[in-house]
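Worksheet for the structure shown next.
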Amino acid sequence: MITSTIASHSALQIIQGAKKEGFKTRLYVSPKRKPFYASLPLLDELRVTEDMSKILYDEGIIIPHGSFVAYLGIENIERSKAKFFGNKRFLKWETKFELVNKALKKANIPQVESFDLSEVKDNELYFVRIEGPKGGSEHFIAYGRDLEEKLKNVRTPYKIERFIDGIFIYVHFFYSPIKERLELMGVDERLVIADANKRRPFKALPYTIVGNKLIVLRESLIPEIYDYGLAFVEAMHNLEKPGIIGPFALHFAYDGEFHCIGFASRIDGGSNVNHWYSSLYNGEEIMMGLRIAREIRLALEEERLDEVIT
Amino acid sequence: MITSTIASHSALQIIQGAKKEGFKTRLYVSPKRKPFYASLPLLDELRVTEDMSKILYDEGIIIPHGSFVAYLGIENIERSKAKFFGNKRFLKWETKFELVNKALKKANIPQVESFDLSEVKDNELYFVRIEGPKGGSEHFIAYGRDLEEKLKNVRTPYKIERFIDGIFIYVHFFYSPIKERLELMGVDERLVIADANKRRPFKALPYTIVGNKLIVLRESLIPEIYDYGLAFVEAMHNLEKPGIIGPFALHFAYDGEFHCIGFASRIDGGSNVNHWYSSLYNGEEIMMGLRIAREIRLALEEERLDEVIT
Amino acid sequence: MITSTIASHSALQIIQGAKKEGFKTRLYVSPKRKPFYASLPLLDELRVTEDMSKILYDEGIIIPHGSFVAYLGIENIERSKAKFFGNKRFLKWETKFELVNKALKKANIPQVESFDLSEVKDNELYFVRIEGPKGGSEHFIAYGRDLEEKLKNVRTPYKIERFIDGIFIYVHFFYSPIKERLELMGVDERLVIADANKRRPFKALPYTIVGNKLIVLRESLIPEIYDYGLAFVEAMHNLEKPGIIGPFALHFAYDGEFHCIGFASRIDGGSNVNHWYSSLYNGEEIMMGLRIAREIRLALEEERLDEVIT
């Protein structure tokens, strides 16, 4: 059995996990990224191509990640006859504010407040969130008095959120249909260019993601977060059958209370931090890529593959 | 043999460690925290109750952590006939400024300077530390000119410390009576709400702990820190017989020199970062919870259990 | 076979790695650092001495690190007849701006812009970098208008760099002559005293390194970085025969683009973060110290030791 993915986003942990679970690995890679990926002793096959849509005709099990929608388009993915790990109709839910709101409301997860431009106050700080996961590079912060001017050039749908004076945490979950349980897999904090402010007089800087940093939560915060995870799984089970299969993430701002700011409806980039929470369920620290491969292997062993692919 | 603890603070690593060392595990958990703890395949017994004091009558080995004093009270713990891992009379030493001062002075560990209100300077920044470990939510920073006003509403004992322009590090140790050695187990940095300032124009924000982040020290700083650990073990051996058994932490501000800002007289929450320093002594990376369980197992094997419980 | 090093900088991971690969370990340690190093069960021999230059006559394989040049002097190292792991003539390349520039230009790696004092603008922020790796304690930031005044007291060679509004990342590589490949081993972010600004109104603070924090890069950034690593290996192969053997690091500021700010021409202190990238090549997470020891063992097994020592 072979697993296939595209050489970006979370491909490293996906191919490493697949290899560890005994699968062959295939990677679609653009020519300019070849030297790095070709240096890895983990790959059985490297398909060097500018045309990532070839993966839609791959005969292996395709493991999607955060670059799939950008590279291939939602419609092409949903129409594809290829075997995708997970519920491929869940992928679109993170891409539109309307769907994000619908899912979080259904799950009763408190969201960060958002405002119309007419409601903002001059001296309050706001966070402008741009629709769709774009690595954060277009999000920005601004005082209310400057918002109108700054929004003039914004062409994509946006949301004006209250700026939360708190810490932003990204919680990684895996829902296993085979084991019928929700596993807390880890938590990370984004490292963004704006964090450069920790060493300089303040300046509004881009929220472009540079990397991820492992954080371990104060234990008393975990039960609430886990409850949100359970509620989200239940909500999506009702909203998009067969519901969530495998990885997702909930994103929160925390200022003493949790305010949900979004979610990832697939493996979240920040699950790359190799968190020990995963060992609570799996006996050893494993990354999400390995957890996915293990689910596929278990499904194959129990002849239940159709329960984890769509 | 069974080990028991309360479902909060450091319970996750405690039960995981106990399980790995072959103990049965029992957890006292409040009903609202049940879904998360019940999801873990690590527990042999979950006692769902609002009344944590039941653990004082548990017949297993009780592993205390940072929530025990708050839930049970020092006096009840000291009076309890249950078998506590560690020196239960050491637990109180972190709870009062007077005891903290006494311990650090005895160990000759340099403390951060503190001041009376009459001594503060208008344009200097100060850190007001509230007595007792409360997750930091009541500590605050302020300029001298604002201190009198801000302290009006503070009802608990406090200390006005010089604000150190530096990094705050939390060093985790384990003193093993069985192996007769002090082990450096790891170092973390707290993630607090006030850290939100790395992305916004400055605002005084709460010091509430959100989580912990692993840091690896510049190696040249370690010998001095280890010497402080040795001195602290020796001091407590004289101050509170039989002295320290198992985990403790020393907390420092570092601005080119170390200034001790306190300690944890039990497993410190930040020991959850799974630091490789632990492998220097134990052959593999282990968390404090596992180190505790291993000490108990070794003590049982050598029929020296009475040396590690009180 | 015995490996020897000096008890500072990266000695912990070096001796741990050597021990794991079956070597005997010897450490030269100053008397005041003895208690910590003597507490470790990893050492076969501890030579307590104030005179580190004794290592130049050691008959084992010497594993140099970032303190060697400071303790021993470049000339003494290059003249020594002892067996050094790696290319000992590469060690000097990080110590002079002239050599750093030469190496980075040869490798075509984009450097951060630097300026003459006459070119600076009053209201722009600059980073003044002091020559030689000194733990960062002498570097500083300043606005152009204050530079002349602040540079008056600087006696060592310096460089006035554009202050990059971005994140500083340190990328660790290992070039293996035995496996003939370049391995990406990990990435860290420095924790410096100036980071204290994340919790206080801004103040220019020292860049003294306190520790290191593991970061995992956004995957799309890795191929470019790896290409720089390959180019650097090739450049040094031409500039300083036999080229790089073993560990080195490239240091970047990232503000949407990479700007190289320097490199380490030996094991970099920040390789102590135990990064999982190392597992991509080595099947398990290993630190640089262990990777070095493994290269020596492989070389011995293949009777190619002369290819990894100079």
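We call the chains A, B and C, going by the order they appear; numbering starts again at 1 in every chain.
In this text, contacts are C-beta pairs under 8 Å (C-beta built on N, C-alpha and C of every residue); 3 or more make two chains touch, one makes a residue touch a chain.
These numbers were taken from a predicted model, which means no experiment stands behind them.
**Q** So if I look at the partners of chain A and the partners of chain B, which chains show up in both lists?
**A** Intersection of chain A and chain B contact lists gives C.
**Q** Copies chain A and chain C touch; is their interface built from the same residue numbers (over half shared) or different ones?
**A** Counting which numbers both chains contribute, under half are shared, so the two copies meet through different residues.
**Q** With chain centres defined as C-alpha means, what is the inter-centre distance between chain A and chain C in Å?
**A** Between these chains, centre-to-centre, one finds 33 Å.
**Q** Which residue numbers or ranges of chain C touch two or more of the other chains?
**A** 192, 195, 197-198, 202, 213-214
**Q** If we count contacts the way the header does, which residues on chain B are in touch with chain A in the complex?
**A** Going by the criterion above, the answer is residues 8-12, 16, 32-33, 35-37, 39-42, 67, 135, 137, 191-193, 195-203, 205-206, 208-214, 269-270, 272-274, 287.
**Q** Touching residues of chain A toward chain B in the complex: what are they?
**A** Contact set of chain A toward chain B: 125, 141, 163-167, 169, 181-184, 187, 189, 192, 194-195, 197-198, 202, 213-223, 226-227, 230, 254-256, 276, 279-281.
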